[in-house]
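The first chain written gets the first letter, and so on, giving A, B, C and D; residue counts start at 1 in each chain.
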Amino acid sequence: MQDLLNEIAEAMAAETERGKVADYIPELAHVDPKQFAISLATVKGERYSAGCATTPFSIQSISKVFTLTIALGKMGDALWSNVGREPSGDPFNSIVQLEHEGGKPRNPFINAGAIAVVDAIMMGHEPKETLAELLSFVRYIADDESICFDHVVAASEMAHRDRNASLAHFMKAFGRLRHDVDKILGTYFHQCAIAMSCEQLAHAGLFLASDGVNQPSNIRVVSPQRARRINSLMMMCGHYDASGEFAFRVGLPGKSGVGGGILAIAPGQGSIAVWSPGLDDYGNSLLGTKALEMFVQRTGWSVFGH
Amino acid sequence: MQDLLNEIAEAMAAETERGKVADYIPELAHVDPKQFAISLATVKGERYSAGCATTPFSIQSISKVFTLTIALGKMGDALWSNVGREPSGDPFNSIVQLEHEGGKPRNPFINAGAIAVVDAIMMGHEPKETLAELLSFVRYIADDESICFDHVVAASEMAHRDRNASLAHFMKAFGRLRHDVDKILGTYFHQCAIAMSCEQLAHAGLFLASDGVNQPSNIRVVSPQRARRINSLMMMCGHYDASGEFAFRVGLPGKSGVGGGILAIAPGQGSIAVWSPGLDDYGNSLLGTKALEMFVQRTGWSVFGH
Amino acid sequence: MQDLLNEIAEAMAAETERGKVADYIPELAHVDPKQFAISLATVKGERYSAGCATTPFSIQSISKVFTLTIALGKMGDALWSNVGREPSGDPFNSIVQLEHEGGKPRNPFINAGAIAVVDAIMMGHEPKETLAELLSFVRYIADDESICFDHVVAASEMAHRDRNASLAHFMKAFGRLRHDVDKILGTYFHQCAIAMSCEQLAHAGLFLASDGVNQPSNIRVVSPQRARRINSLMMMCGHYDASGEFAFRVGLPGKSGVGGGILAIAPGQGSIAVWSPGLDDYGNSLLGTKALEMFVQRTGWSVFGH
Amino acid sequence: MQDLLNEIAEAMAAETERGKVADYIPELAHVDPKQFAISLATVKGERYSAGCATTPFSIQSISKVFTLTIALGKMGDALWSNVGREPSGDPFNSIVQLEHEGGKPRNPFINAGAIAVVDAIMMGHEPKETLAELLSFVRYIADDESICFDHVVAASEMAHRDRNASLAHFMKAFGRLRHDVDKILGTYFHQCAIAMSCEQLAHAGLFLASDGVNQPSNIRVVSPQRARRINSLMMMCGHYDASGEFAFRVGLPGKSGVGGGILAIAPGQGSIAVWSPGLDDYGNSLLGTKALEMFVQRTGWSVFGH
């Protein structure tokens, strides 16, 4: 397996078409596009990595998997009254769907849905408290106390918040949010600004590959049913408007972030984190997707058959 | 396994809320809503059934899986120049998406996409020839020469073709179709009017669970990669606007038809066909979905974890 | 007044940017873009013309004013149950609005609405009879028995009918049309293929400028209220997606056609027809609009003030 | 003329179906729905009124006519780079159109467009300064120094700003606004909270009926061309999604407000203000529209013919 990861990392290093780094905030725009990392954590407790797998990057939307997990823990199925669970058929930040469907976002992974999930877990608390709880959870499932928010990224996102502020005010106008919009957004942008390495991320996602049980600690994070359901949402909605493409090419539940990371889950096998900052036209890591495609072809871990 | 299917059939027989039978054509409206059937064909060659599993019903949109398979065999990836592979986020017969995206349907399972697939496989031939080829293929993979079109259903669909005619003319206006609209629609409606029983359907779908190899004949129908890809499309787009819901609750690639049938694929395990004519609000079999949910909970065959 | 028209014709002859001739059918694509004509018929019975004002051209959508007049004569306000009277905010052939509003077209001048008006006036008759009635009406209001359909244009439109066929089938799927789609379209394309000169067209439109009374015959065509209402529809919806622009620049009720003609009404003053085949980006005559703008600036005939 | 207004006021007093008072803020919800007023200011300097024509009400969106006039005075046609001039085909607060057209609002009278106009006239100044300028202009054209903002209404609108905040942030995300969103909205809500009586409003609008010259002061407010253009925008877009209906029934340029007022312009004749708080389904004054319809039928002042 280590050989395979090395081989993938070498193949990716040789790629000349690397996509376009996100440039809507300067902090992401300045990341070196040549970087690549891949880490695998297996349900048997093995760990493999290649590339700069200990370099932290901004996990951005991958964090939505973790806040969704927390929200389901707190509210269970009541969450679904304000958030749907269908693919959106629109870009990640579209507001058209919201207007047509009474301010209810299609799923928890488009921006509007993730903002609604943040509102759901705040439960009257201040951003600071909610963020402390979130960070504590991520550190716990990654078994690493060094994980932190990148406050500079969070502040920059807040300064460029107009599109997301528009989504939030729109949902609030329909009574879908209970907290102050700026507090929700402050929390949301910090959540997205969690910095993690591929090693940490693969470890953090392992409970989803292992029927809800963290490894090697063997502590249950969620029920098997909830792990399956989160995986189904990652499969259907994890890559925005290109979720079908990811399912077609990779065949694993996955969640991408605009920082260039992707977390993919092979149920019963392991959790794979990849990172390469250059994005394709849909905002997903170009080489990250290629690497996962190669990985699945070689391991036969697609959920759709060997 | 037989006990499980019996148990499911009994549970479904006891259900009082059975959904609403499709009524847009009289031939479907008159089907007895009390019927239920389930069949399983495993990759090991086992066969199990419960309920009226030898009663033929109109497979309707489930047929789109078979024409897609034929189209990919004829054209390979060239098919994707005129059909996408993303969930649509819209009802099965929406034309809005077509206008916004230059007449290119989102995926091969919404009506517009299926019509484009029919156009692709016609290749200049007459409807009669195309239909002979399709029937021959379905009989082959189901290993049953008795499978037929229900010409009465097909004629009734043709008489009520306006919505689909609108989709077809719209695509043709964008140069997406090469054949005469009425000939394409005549072919399309016959395809949807194939009558099959659950036993036949489970058998016909088995190659998708078995890496592309039909069982027990052991003859390859498609490559393993193509089987995975068709499965991914069934997962992402097989239940129209409620594909996310099916993935969330059942966790298998599946394709539903408005006749009340669903074909679900458990890769590496088997192919499951269910039938109950009553539909939910999204046009998918209400009890068929419930039966599959129960089946997967008991077998642990979800692709998203045990 | 004759001096003004001459001046306008000279100014237009000097223009180098003449727009783009419609090219979706060969018959329109081959029209010489250098042609220009303007005719004025006043309520006092005066006639003025400049340019090639006796050359017939395809009036296309301008004909919708005449069929609307006939339809209101036959059905009165009952027409409005299947056709709205609001600007559409969309291009002339958009189907998006139809899907969102149950197949009811926004107004009688977008294609879908004009098709619904044709269906309304057919009243169970064959296309031939409906067309005879229409031609008879147009000859009557233009006081010219030489006006004819251009059957070559009509046949070519029919051969390229897909977009309009899509609209018609869509409306029929919602029960908005009563006749056979191909018969409705055959009638519709002949209506659009009426060939008239600017002189004929200005005369034909005069009743709308004269409170519903044709001049100089002094025969009432419609009531004063109906004349006002038709004018209001021309103002609000007569130039598709650019109706606001026409109101802003010209300030008269007007109806354009893709053949390059525009009929404009100055209530209480007269009826103006212009023709220049080159179109702007919205499908309206580029120089025709410019000529009308110049005409109104000089005459002070804008309905919005001197 | 006084007899006619009395007659109209009596007819409206006898109406039992009075529409529904706006209830999205308590200050508007508590207005007595039985009130009715009508005032006419003619270009010859005559003044007529009936009903409670000196009672101030919240002019709301009617104010957009005045800020548009100021904006055109400051920027001329440069305004149109960030605001269109076409009817929207959507409700007043729709965000769908904004997403489809790059954040550029269709016209200055839908909410998004009016917010963009406010941003345009702020020119780096504080809300207080902009509002002082606006109030000064309205007092000047109404020749009445007693006109004021209703700060309670403005504060209540600000507290319920989510829908408009969503529109504003959306436009800002596309670079269409230059000022702070909350400052723009604070200004916008004060503008809408101007309280005027029908007498004041009819006087204020008179310059639009009089080729841009205020009466009886005989001082030019705008050029004749600009007066015509503002009138054209009122005609095309002044009643949101029901502008076509108003043109069809009344036939005058007009602008309605959710407070129940309507300002209508009869070019060359006079300016008419009506007020009745009950609204129809589109948010326009039910009896105000009826009263104007009756007024135009009797005076023959429709711009579309006698």
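A few comments on the model shown:
Methods note: a residue touches a chain if its C-beta (ideal position, glycine included) is under 8 Å from a C-beta of that chain, and two chains touch if they have at least 3 such contacts.
Remember, it's a predicted structure, so these values are computed and weren't measured experimentally.
Least step count on the touch graph, chain A to chain C: 2.
Remark: among chain pairs B-C and C-D, C-D carries the greater number of C-beta contacts. Taking the mean of the C-alpha atoms as each chain's centre, chain B and chain D sit 55 Å apart. In this assembly, the C-alpha centroid of chain B lies 47 Å from the C-alpha centroid of chain C. If you average the Cα atoms of chain C and of chain D, the two centres end up 32 Å apart. Of all residues in chain A, none touches two or more other chains. Those residues of chain D lying in contact with chain C across their complex are 84-90, 97, 106-107, 208-209, 211-212, 224, 227-229, 231-233, 235-237, 241-245, 247-248, 251, 253, 267-268, 302-306. Every residue of chain A that touches chain D in the complex is listed here, in rising order: 94-96, 98-100, 161-163, 165-170, 172-173, 181.
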